[in-house]
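For reference, the structures are reproduced in the following blocks.
Same chain, two partners: chain A is paired with chain B first, then with chain C.
This part shows the complex of A and B:
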């Protein structure tokens, strides 16, 4: 039978001073998870404009004047949206890399070096995000 | 229904599903980002291009599976996080079924959208 322990809440004042790598990995994984599920609902809501757009005339679709194309193009035209997309990428990349780390630990690989693999996740996330900035910002200006 | 022995309890099955969907999402999310930001670019999106991809059965199936696994993984993750923070009793039951309802809405709306692109008259 599983047993739970009262470790207190992470929100308790100044607890963060005691945190080690594994705790920060846990917090970042939760935070990025919340952002990603929030984004998934927003993403489907925005993409849903394809439903009314599918009733448009072929000529309107070819000209890109339908509600879906117009919604996406106008959103992508905003610099703020492009910056948020870079943020989304970094959040997704961290969640994926740290998730890989968690899957490996579950499989019995790398528990002893879990702090090092957390730092590696952070560094790789930073590198992939920076390398992706030109692609994500292209055409915004 | 006849009882049968299984070493999995309910919690164990959800635990495994969370990890199986994680492994699937690692690959498909990377593909999704790569295809829609690096092969195609975000500011070149059009209804006809999206429809062209979704009319392919393999792409449509992959995206529906992507939607199902991402919804399960995300919503189950939220539920786990809340339980971990001490959610119990009636509140836990109410939140659980609210999350299930939200998942159903998300999946139905996602499939309606995919059908609109694919030209499947079910939306």
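This part shows the complex of A and C:
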């Protein structure tokens, strides 16, 4: 029986350090997937509070006094939100790149280099995240 | 050196000898005394040897999982340390055998051929599923932790219950079946070279259960066939000699709820396989076969 026997600490001690690339990829993919789902619902919740802006006068919209612009401006004014934006981007980029990797795995392409493609997607994610920092953080401090 | 148990047995021996002193003859007494002394000497030698080994630089330190449900003092899992003199080309199995033969004869583990063919000695060595007989000591970091395979019930020390694994292997009917016979009665069922190449790697499985133990999905889903069984299914489903009818039957087994679709391509099985079978690749190919078999655009 593979799951019923509890060996206590022995069962999970010194286990996670020994994961190979494919396992890390799976864990990160799960994690980023859940983060993206969480973000999606927050996104819907925040934006739906700004729906009344659609009924606003043109003059109000042009002056930037409508509820939509106000919501976005006040949110982006927070340093925390700016930092979270960078986090969101990195999470989304990794999920996309690893998703492409999994697509190739499903098609049976390059299974011998699956670990390299995982490292590549990690590095690429890092590079894109770093490159995005000026855009997201500019003017936040 | 490894347990407190020998002391207990010594005590019981002594009390037994004391109570017996009234009745038995002098010869019995002498023999008992002799036995006790021999016992003591042996134990002392063991201790000395262990101390010498521990002091010696060219020894390897093994930390071995111990557990024995039948003996009261050993029911709590623990780790025993053994210092084994290193010899060139020593494998983990060699070290374990040395420890068993020299220090503690109760150390229990399976082994048979010692050359990575029988598949009896898959263990969890330094946090990875390894075949003890083909894992070189000098490639490992010390101290070497040797545990029984994870996600399996431990019978004793390093021995795990393999029954569930064998059940899963049998579930895919791992034997050649066909209803397509060649014309002549004495004709052979020949396999093309290309087809043999295709199934070659999958035939190398030695049923050691390392992949099953490493699989995260198999750990959480007891009904999942597991990498080894799916690989076996691949070996026969891809064999052209079996014919279309049998292949359909095989695909039905493979694509059931707890079949190939449970695999989430973590590649753990492929990493640990001591025979280097590309398990994930085979599972993925069977997934595609299953899809192709069911997709109809007309």
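The criterion applied here is as follows: the second predicted complex is superposed on the first by the 124 of 141 C-alpha atoms of A that agree within 3 Å, B and C clash if a C-alpha of one lies under 4 Å from a C-alpha of the other, contacts with A are read in each partner's own complex, and residues count from 1 in each chain.
The working rule: a contact is a pair of C-beta atoms (placed from the backbone, for glycine too) under 8 Å apart; a residue touches a chain by one contact, two chains touch by 3 or more.
Quantities reported herein were computed from a predicted structural model and do not represent experimental measurements.
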item: Residues of chain A touched, compared between chain B and chain C (which is higher); value: B
item: Touching partner for A:96 - first (chain B), second (chain C), both, neither; value: first
item: Chain B versus chain C as contact partner of A:114, first or second or both or neither; value: second
item: First (chain B), second (chain C), both or neither touched by A:74; value: neither
item: First (chain B), second (chain C), both or neither touched by A:106; value: both
item: Partner chain(s) touched by A:21 [first = chain B, second = chain C, both, neither]; value: second
item: Set intersection of chain A contacts, chain C complex versus chain B complex; value: 2, 102, 106
item: Chain A-facing residues of chain B, complex; value: 11, 19, 22-23, 25-26, 29-30, 33, 37-38, 41-48, 50-51, 67, 70-71, 74-75, 77-78, 81, 85-86, 102, 106, 109-110, 112-113, 116-117, 119, 123
item: Contact set on chain C toward chain A in their complex; value: 65, 77, 126-128, 145, 147, 150-154, 161, 164, 212-213, 216, 218-222, 264-268, 270-271, 278, 280-281, 284-285, 287-288
item: Residues of chain A that touch chain B when the two form their complex; value: 2, 9, 30, 33-34, 36-37, 40-41, 44-45, 47-48, 50-51, 53-54, 56, 61-62, 64, 66, 68-69, 72-73, 76-77, 82, 85, 89, 92, 96, 99-100, 102-103, 106, 132, 135-136, 138-140
item: Partner chain C, residues of chain A touching it in the complex; value: 1-5, 7-8, 10-11, 14-15, 17-18, 20-23, 25-26, 102, 105-108, 111-112, 114-115
